[in-house]
Amino acid sequence: MIKVSIVGSTGYAGQELLRLLARHKEVEIKHLVSRSYVGQPYREIYGNYQDIIEDTCVDNDLNRIAEDSDLIFFALPHGLASKQVNSDLLNKVKVIDLGADYRLHDLNIYTQWYESEHGSPDLLPEAVYGLPELHKDAIATSKLVANPGCYTTCSILSLMPLVVNKLIDPESIIIDAKSGVTGAGRSLSVDQLYCEVNENVKAYKLASHRHTPEIEQELSLGYGKGIQLSFTPHLIPMNRGILATCYASLTKEITEESLYQIYRQFYNEAPFVRIREKDLPQTRYVKGSNYCDIGLRKDPRTGRVIVIGALDNLLKGAAGQAVQNMNLMYNLKEEEGLDLIPPMPI
Amino acid sequence: MIKVSIVGSTGYAGQELLRLLARHKEVEIKHLVSRSYVGQPYREIYGNYQDIIEDTCVDNDLNRIAEDSDLIFFALPHGLASKQVNSDLLNKVKVIDLGADYRLHDLNIYTQWYESEHGSPDLLPEAVYGLPELHKDAIATSKLVANPGCYTTCSILSLMPLVVNKLIDPESIIIDAKSGVTGAGRSLSVDQLYCEVNENVKAYKLASHRHTPEIEQELSLGYGKGIQLSFTPHLIPMNRGILATCYASLTKEITEESLYQIYRQFYNEAPFVRIREKDLPQTRYVKGSNYCDIGLRKDPRTGRVIVIGALDNLLKGAAGQAVQNMNLMYNLKEEEGLDLIPPMPI
Amino acid sequence: MIKVSIVGSTGYAGQELLRLLARHKEVEIKHLVSRSYVGQPYREIYGNYQDIIEDTCVDNDLNRIAEDSDLIFFALPHGLASKQVNSDLLNKVKVIDLGADYRLHDLNIYTQWYESEHGSPDLLPEAVYGLPELHKDAIATSKLVANPGCYTTCSILSLMPLVVNKLIDPESIIIDAKSGVTGAGRSLSVDQLYCEVNENVKAYKLASHRHTPEIEQELSLGYGKGIQLSFTPHLIPMNRGILATCYASLTKEITEESLYQIYRQFYNEAPFVRIREKDLPQTRYVKGSNYCDIGLRKDPRTGRVIVIGALDNLLKGAAGQAVQNMNLMYNLKEEEGLDLIPPMPI
Amino acid sequence: MIKVSIVGSTGYAGQELLRLLARHKEVEIKHLVSRSYVGQPYREIYGNYQDIIEDTCVDNDLNRIAEDSDLIFFALPHGLASKQVNSDLLNKVKVIDLGADYRLHDLNIYTQWYESEHGSPDLLPEAVYGLPELHKDAIATSKLVANPGCYTTCSILSLMPLVVNKLIDPESIIIDAKSGVTGAGRSLSVDQLYCEVNENVKAYKLASHRHTPEIEQELSLGYGKGIQLSFTPHLIPMNRGILATCYASLTKEITEESLYQIYRQFYNEAPFVRIREKDLPQTRYVKGSNYCDIGLRKDPRTGRVIVIGALDNLLKGAAGQAVQNMNLMYNLKEEEGLDLIPPMPI
């Protein structure tokens, strides 16, 4: 049994992680850390856990936690994990960070987009970007895995086969993404009140969202040279789900069917990527599961390809992917504990 | 392995049943029957099943289906199952009917509330009302189980401890129930269009909803004489969930804590009933699970007790309860395949 | 032109009031008071007002405000208005209080339910309960009008014809009410976050909601002796609307049609009460208007009558009713500025 | 008084038109035509109209209707109006068509995108494209006005200042649009059921939506030569509202502030276009009003400008714009009957 603890266990991502780990056959949960709720029974914070989880939230005493844990998940706002993780800790436990601190390889880019100092830049070289469809082997042997952002996972998986095969002009990439509200977390702000979100659509952080450099980093690695793209997130009145509508100009004549073949081959061994052809991705088809669905259409009039990706931001976009990474790190079956059929309608 | 088939597999309840059965360790799915979609791949009707279910829908040829099935689930609008089930069929297979045809023991009451002739009244005596918390033993040995309605399960479980213990005036019972929209099924009507349901609440079928006699039948059995009550359903803009707010006048002086003790004892061996004390039931606490949550408050000013029950209408109110019944009929662990933690927020 | 100011102009009710007053032909808006946003342009707080309202929020300097105002609306959480209103102020201006401070005639009941001291108990005798359908004449000559609560207006209007005509047992009254989320105001709490409210129904404040004594006060006045009743509010995932489902036992034999005639006659001169017979009230039929719709059904089996009332909590339940009261106080047509057709779907 | 009739009065757009016209000071409503509901009181089809509209729906007898009408609005699915409108009719009445039949000047493009024969191609030359911000004078003198589509109005208004001023590469235009569900009308299909739309986002009609050529026609006229662009509509779980996120590559160095000045000047005399700078458009800011809000951001990294437009699809995207056109055709104030402050939250 892998002994795991969750730091930041009372946010939405931390909570979803607990739900998955509590039913994972190879996992024993040791500590639920939450600074805001120290000493409070977890089931009182999330009423769904009544009669299921009897644990009480504990404070962030990492030395003690590391003693009886094999693996610590961090699910914190950016900037916090990198102040707590260090070489000593990594000598005792493995770490999967669901936050942003170890995702960007280039410290300057981190500093520029996050406008704050990094807490442990020395660890950046050994951190692995935890997107299993791209970096499975490196994840398997890593002690520090940076779990990708939700928008990021959806965008990268949607575009990578085109980028790797140099089928599109990298300067033409536009990603217009739509997200449910759990993506914003559980923090208090007027903007997150029910009546401010319901019956509304808005774009936010135009040309400045922090997932942008993360998408660019991975696509640039795939393409072989630097890519800059447009990324626009939107907030949609629903609990979960991300839909990324990706536009790019094709650089060669190719049929839609050939594009589909390239995608199928690229994700041939990826158990959580489903290629949809007849019926394009919708968020409800993946909600409650670890799938990322991808489909595309070619527009002969404009010479563009439009790729649609969809995933559940709390699962494949956060907690599900973290468990997938854990499975790889412990040499378990990649799908262990993630064998979820998307419920519908839910 | 239990070989099962689903008749009416493309309605919301049938579909949810498939989702549970597809991950049930002791079950092999044989046929997905759907008259409307004969010959069509199931995954094209419900896109969530892509790469998961490869079956194609078949027609309603019960003779053929009974040949290689041990158990047939019927998930059809009322009046249809009783025309298809007969003694011959029951000699070959067991049946769990998620519809209304075998729930009422009294044929006259069926005829009066459903305004139609019953298709196989001879089977009524052997049908067992499939509410495991009340009739576990009878279910275990039955060949024909009538799965209760969604409103019904929630209402009966909420009130039965008070009724059995004669703590309330049976003439004072009022049940004000609120349901998500999947309760109405997937049939086409203007009333079910998104824009007609969204941002709206309405009551419907006042003093005439067909779940009323079903609730009365079971509570009357519990009380020992006939009970008539008021039941008012409401439609709420959400996908899933039923909340029943039940009112009754207490007939003796008793503390709230004593009432809770009576409930805890009554459901002592019921794995899917959770008694909530501090934090009353909400539908989100049970959504996506087979739980029925119950809580109560005593109102000293009016001498009433108010009991709140909550469940997921497609799970404990339909497909989950059907699987629970199947587990009992095949001597499996009651929770087999139903070990679901309610996800939140979803 | 009536010169008006709004204290508490940036809550949902205050904001809705501004919307109505800005298009009212007989009104000139003088001051928008908001402690939280002093000095900030109103259009920045509520983006819908861009190019419409150029005013900036001002602080709560009532002396100054009273100088150039004829009428001040207070739209504050309970307990605040009564600390600011006094005889001096009422010598200068008229006051309509959308809060709870002047609604209850009995100071003891206020103290008991609101658990706080009243700021100006000396004014209670001259305050008029601002439900125009009951107290039109008193409102017309009052200087201090207490605008009723949203649940209250809906409940009282739904039940009063039965109560006044002594057609029901007053001890049998149960009100099960469902409200949209604007009813809870714009204050920050985790419970009001989108993902905590969406796809959920819950009851709250069982047997303890503060609108209870207000309903009892008015119904008791109508009946001629004290009434105690059960009132249970529920939170529904939608922006606006209240539906009250009211239950009571009939004390005499009477047909449903006769009950309707009694309602029609009772509200014969009430321009904002619509009696629905064929199609019962739904919140969408009144959303965005000042109507309160009422319909009923008799249940011969249980001897009960079930009355359904519906209104828009921000209009007939708050700002609309306040304007209706203002119209009466200034001898204008009751419908002035309230001639709104409910949009649908919205 | 202008005597008007509405053909297709029971669709969502027709119904919204009725709501506006019923409160328009210069309008008298003569006939509400609805083939599906002939002889039925309008208030029974839309319960919000109880005690407001007493009319009964009539059949589509245009000769009779034209006799006592000055103006007929058509709000029908595409292909129907052009079979009913002809020169004879236009000699008797003016026509505003809210459908698609007269929007495209080029018959071939109509035939190609709508895959059906046009019912009255002879009238195309005299039809005026009813976007008041572009064609005010032509509308004022026209007898046949083609009211633009909802996506179209939002997209054209968002991009036209850039196009006319040749600030962007016309081949780089991508419009990613999000729409509420009323945009799909009130027709029965499984796809429009509440539970299929709620908690979901999807793209549809990729590279093939029929509003595309309409947008291209108007932008091409503005640019002076043919433009082809990418347009992708998405369905969002909300009743009303369209948000268009428009991307284009800037062709010259220009500041964001200069871009704003160009927009302000372009819409200087357009009472329903609001330019938002600090706070970008959101659909809730315009819902329930005739405004189209526009804002933009420049992305120096990619050299793109991103323009966001928002409107209420049933108002500025349909019925509101139709009334605006009527006002122009009858020399009334452009805002007459449209002086609506967007309510919030609604």
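Order as written gives the chain letters A, B, C and D; numbering starts at 1 within each chain.
Note that contacts are C-beta pairs under 8 Å (C-beta built on N, C-alpha and C of every residue); 3 or more make two chains touch, one makes a residue touch a chain.
Quick caveat: nothing in here was measured; it's all calculated off a predicted structure.
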Labels of chains that are neighbours to chain C and to chain D: A, B
Between the pairs A-D and A-C, the one where more C-beta pairs touch: A-D
CA centroid of chain A to CA centroid of chain D, Å: 39
Chain A and chain C, separation of their C-alpha mean positions in angstrom: 46
Per-residue overlap in chain B, given as positions that touch at least 2 other chains: 12, 182, 195-196, 198-199, 237-240, 282, 284, 287, 345-346
Parts of chain B lying in touch with chain D, wherever the complex brings them together: 12, 181-182, 186, 188-190, 192-199, 237-239
Contacting residues of chain B [partner chain C, same complex]: 171, 174, 176, 178, 180, 195-196, 198-204, 206-207, 228-230, 232, 234, 236-241, 243, 245, 247, 280-284, 287, 297-302, 304, 306, 308, 345-346
Sites on chain B touched by chain A in the complex: 12, 15-16, 19, 22-23, 44, 46-52, 182, 199, 239-240, 274, 276, 278-279, 282, 284-289, 293, 339, 341-346
